[in-house]
Amino acid sequence: MNKVAVIMGSISDLPVLQDAVDVLKGFNIEVEVDIVSAHRTPEKMFDFGKNAHTRGFSVIIAGAGGAAHLPGMIAALSPLPVIGVPVKSSNSIDGWDSILSILQMPGGVPVATVALNGAKNAGILAAQIIGTSDKAVSDKIIAYKESLKSKVIEGAKQLKKE
Amino acid sequence: MNKVAVIMGSISDLPVLQDAVDVLKGFNIEVEVDIVSAHRTPEKMFDFGKNAHTRGFSVIIAGAGGAAHLPGMIAALSPLPVIGVPVKSSNSIDGWDSILSILQMPGGVPVATVALNGAKNAGILAAQIIGTSDKAVSDKIIAYKESLKSKVIEGAKQLKKE
Amino acid sequence: MNKVAVIMGSISDLPVLQDAVDVLKGFNIEVEVDIVSAHRTPEKMFDFGKNAHTRGFSVIIAGAGGAAHLPGMIAALSPLPVIGVPVKSSNSIDGWDSILSILQMPGGVPVATVALNGAKNAGILAAQIIGTSDKAVSDKIIAYKESLKSKVIEGAKQLKKE
Amino acid sequence: MNKVAVIMGSISDLPVLQDAVDVLKGFNIEVEVDIVSAHRTPEKMFDFGKNAHTRGFSVIIAGAGGAAHLPGMIAALSPLPVIGVPVKSSNSIDGWDSILSILQMPGGVPVATVALNGAKNAGILAAQIIGTSDKAVSDKIIAYKESLKSKVIEGAKQLKKE
Amino acid sequence: MNKVAVIMGSISDLPVLQDAVDVLKGFNIEVEVDIVSAHRTPEKMFDFGKNAHTRGFSVIIAGAGGAAHLPGMIAALSPLPVIGVPVKSSNSIDGWDSILSILQMPGGVPVATVALNGAKNAGILAAQIIGTSDKAVSDKIIAYKESLKSKVIEGAKQLKKE
Amino acid sequence: MNKVAVIMGSISDLPVLQDAVDVLKGFNIEVEVDIVSAHRTPEKMFDFGKNAHTRGFSVIIAGAGGAAHLPGMIAALSPLPVIGVPVKSSNSIDGWDSILSILQMPGGVPVATVALNGAKNAGILAAQIIGTSDKAVSDKIIAYKESLKSKVIEGAKQLKKE
Amino acid sequence: MNKVAVIMGSISDLPVLQDAVDVLKGFNIEVEVDIVSAHRTPEKMFDFGKNAHTRGFSVIIAGAGGAAHLPGMIAALSPLPVIGVPVKSSNSIDGWDSILSILQMPGGVPVATVALNGAKNAGILAAQIIGTSDKAVSDKIIAYKESLKSKVIEGAKQLKKE
Amino acid sequence: MNKVAVIMGSISDLPVLQDAVDVLKGFNIEVEVDIVSAHRTPEKMFDFGKNAHTRGFSVIIAGAGGAAHLPGMIAALSPLPVIGVPVKSSNSIDGWDSILSILQMPGGVPVATVALNGAKNAGILAAQIIGTSDKAVSDKIIAYKESLKSKVIEGAKQLKKE
């Protein structure tokens, strides 16, 4: 069975990354959450990155702020698809630092970057990746997209009434 | 078998997107290339987006420049994972417009964004996604990462000699 | 008679877009408001864009935040003039993402972009467009410009007294 | 009959603005071109702005670079819809200065801003505005949009062959 | 005797511009304050700009926010030195719009730009300009600079004690 | 008689600063040019800044690129009005570094900043400052502004003919 | 014995710079704190910069905001390594001004720049520099890095329990 | 004896980093150059970072472009002072990506960042660090600063003659 890892550089990133966890649980996908700091626990990061694909993970979601090196380093260490979530941390320069540190990876080592604080989309993207080989999940994604639609249509109706 | 679509807004984006095609062919993954313009052929884009998952594609790579709407619109229309490649086109403002138009998608509709002109990484990422359920491909990715390493080690040796 | 559509990607954009509605009503121009999300209701957007010019609309005002694709996609689908309002939404990067996603349209498909959160100006611009063939409206615009002047002159007088 | 004014701050902006003239002529719309500098000929600008609507113009296209004040000042002086074209001039800071000087107009005085160097789109937008009351022009716009489509479809076919 | 005009586009800019007025009064320089909006009262701006040098003014301080055209247009109309104060207004994009609209003037028409919200420095600069021909004022500037020094030295002493 | 100093951090800035010298000579204003580097000749900079007002200078024009400290340090040392010219040097980040290093001076120590590479405007501004007390110079400025106008009018006529 | 100077342009920068002081005291390194303003006390800055290396200092930490000239000027005056701390002051443009004013020094005069408001890292960097010749300090740095690790590991354990 | 390591992510960065090597050799400081890629040779990077301080190095200079993780990861792994050189590589976004990826390190793990492409200053800074405990080197730095001065003075004299 497919499993997703959600890791982050600091416990202070959890409120942002929790969105990814919630989305994945909503899709009935197994999730493991861990704190893995590129700068403070480089050895743990190395172990995690080197072994994730042998521990049953299919996708890794990594979130970090500022000079955000965790997603790119995990992508360097693991053959799995890595989704990077730029986090707008307290001393960030409007989020530009984390976006560019995650997005602008050199040729050979991709990170699938989502929007600033876009952990919800990281969760959906991980589900879509699993859905490429798991019909139950891809059906749920199709249903999820329909539910997005319904909410807008409902809102539009409400607006018309008022 | 898994197939990847590589689409772009304009034939002028082909020199950038070709890198994705080459990488995927190097991994023995079937690729289809097409021109699909969000702004000039919206109906074709709709058809493409709505039907890609029933036509045997597992992943869609979409590249566009300026106010780049193709990746996000395909992500709106398809349940498949969509990889967006920001292209630095001629009248782009240093690439910021295409990056932000692709990256900053709203919650619910992710685009896996890679670096500016990073089509090579889009190809590798697509292979990694396919590799989550295809051991032959994931083995090739592990081998590819080893080859990246060897080239650097070789270069370093050469440098030491000089 | 001329009619203006004011559409937006999410009900949360209404507080910004309401300014356009109010201005147009002040000019006695008929307005229809709707929620049309490029990313969550692409089919509704398609219908809206393809048919707006046959439903009596002369101008479309479209507001959206983040990777704002609604104005550009409506411009792709409709022959009408489309006015885009960049909205500074909660996870926006200071508004740069919505500005560039709306402004930097490729050759062939213009969006008349106004300032960040500039829905009031979108309403005035729509009135000016209608005023090109409706003398009653163009007279109101001339009067409106005079009223802007009067308020400043009045304020300056007040300042002199103090 | 409707007429469009295409004005610019300096003769050096003509290569950019010529695109607007060409588009408008292609739509059989009468165009007048003039050099009107906000900073070097403020009196001429005043005369032009105050009288354009009595001289048979329906729309004004104004292009300028750097601290680009011409579009906004014309919008202050004229009740007509004003389309602003940010020009990337030689000492511009990547075009940001002209974009922001034209786009960020205060409430009450809109400028319909198009992309950096987007004079072609300025011409199309002017035609769309005229098309709101001139069926011949709006038919041509519909035809123009079809021609955009055909070219992409043709290009895509060519690509498939190779 | 030398006189300084302090003008601004809107009464809402007064809290920022007041710093210039206070500094000038502290130097015993006569000041006149007025509201002159480039976009809402262009005729008043024209009159002001054309006649300021015949009304006894030596220097004009002009503050404005967003697409800030007042300082540059006054510089176009008047032979006097014009000091521009970029104001960070509510819908400004972090102040970049007002800074670039004021700073990036074309060759031939300078605006002496000070820091964002830097009205205090505009006042001092106006005094320095008057000081080039008025020894009483230039003596006060020298004294003012000494007082800046004393405050820092005093603060440093206080810090040492603690 | 009034004299203007034109100083720059490096001889490589001379091609930019020469515009200021030429303008001033055109106004018959005495100019002295010198190389004064804040970072490489801080003692010379100190001497220059402390003594400029006793050596017959009325205005100082200082140009520098990158982390441009010369204009601000001269403004700290001298009671004279200081005009800063941001120079876009080779390793500059599009000129943003020199602009912000010169413009964003703290309260108490103004630098009259002109556009990126805007040395011509620095020269005109210096002449305008001198013109506040020298009628011959202020007459020349009025004439100069007329000549700007004539050239545009001439160009516009030429355009009409073609 | 090695001593570190922590200087800043204004007492209002102390809350930021205090982090450097605390870190250094934690490493048992002697610190001296002073207010030295490049723009308001240039003479004091000159004395400080010229003599710091003869007064027993090994490293200088200098913090400043806006057009931050203190770190670069101290680097011009002193042969010691200078660490610059960009401070996000009240009228700063999101900190870009202080970052670029400190970072973009010309060839020949380096400033070791740390993150925006990164005074803590400035303190650690100063300790690392001293640690290059003082084994007691370098041992403390190794221990400090271990303590960073432990805190993350502890936090990760806590997270697992919940 | 003190030794400096100069490492870079790719051989293509050598033309930039060579400046650091040349400066250090000019100061008679031993240098070792190596290619160490964070993303392609993470194991080599780990070994290098963990052992540099036991191999006789005092300072590490690390240069990288784009999402530049090498300097920060080395700083995470080594107790030595690490100097980061942002390199403006071919697909970089004007260098912003490498600057922010290197500069904005989290609290606890400093990187001493120099200007974009500022390898020369990295070399000087490394020498200054060594100079804190090696009088021969610190004397050379004092002499070097004098030589900078002489060149400017000489240039200024030349200018005066012409």
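Note that the chains are named A, B, C, D, E, F, G and H in the order they appear, and that numbering of residues resets to 1 at the start of each chain.
Throughout what follows, a contact is a pair of C-beta atoms (placed from the backbone, for glycine too) under 8 Å apart; a residue touches a chain by one contact, two chains touch by 3 or more.
Every value quoted in this text rests on a predicted model; they were computed, and no experiment measured them.
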Revision key, fill the gap. Sorted by label, the chains bordering both chain E and chain H are F, G
Study note, to complete from the structure: Shared touch partners for chain B + chain E come out as C, D
Check your understanding: Copies chain B, chain D: same or different interface, half of numbers shared as the threshold?
Key -> different
Check your understanding: Cα centroid separation between chain E and chain G, in whole Å?
Key -> 35
Review point. If you average the CA atoms of chain C and of chain D, how far apart do the two points sit, in angstrom?
Key: 18
Study note, to complete from the structure: chain D touches at least 2 other chains through residues 10, 40, 66-67, 91, 93-94, 96, 99, 103-106, 108-109, 111, 115-116, 118, 145, 148
Review point. Got a list of which chains touch which?
Key: A-B, A-C, A-G, A-H, B-C, B-D, B-H, C-D, C-E, D-E, D-F, E-F, E-G, F-G, F-H, G-H
Practice item. Name, in rising order, each residue of chain H that touches chain B in their complex. Key: 10-11, 14, 33-37, 40-41, 43-44, 66-67, 91, 93-94
Study note, to complete from the structure: In their shared complex, chain G is touched by residues of chain F numbered 9-10, 38-40, 42, 46, 49, 65-67, 69, 72-73, 75-77, 91-93, 96-97, 100-106, 108-109, 111
Point to revise | Residues of chain E touching chain G in the complex | key: 94-96, 99, 115-118, 145, 148-149, 151-153, 155-156, 158-160
**Study point:** Complex contacts: residues of chain G adjacent to chain H
**Key:** 2, 19, 53, 58-59, 79-81, 83, 99, 103-116, 118, 120-122, 124-125, 128-133, 138, 141-142, 144-145, 148
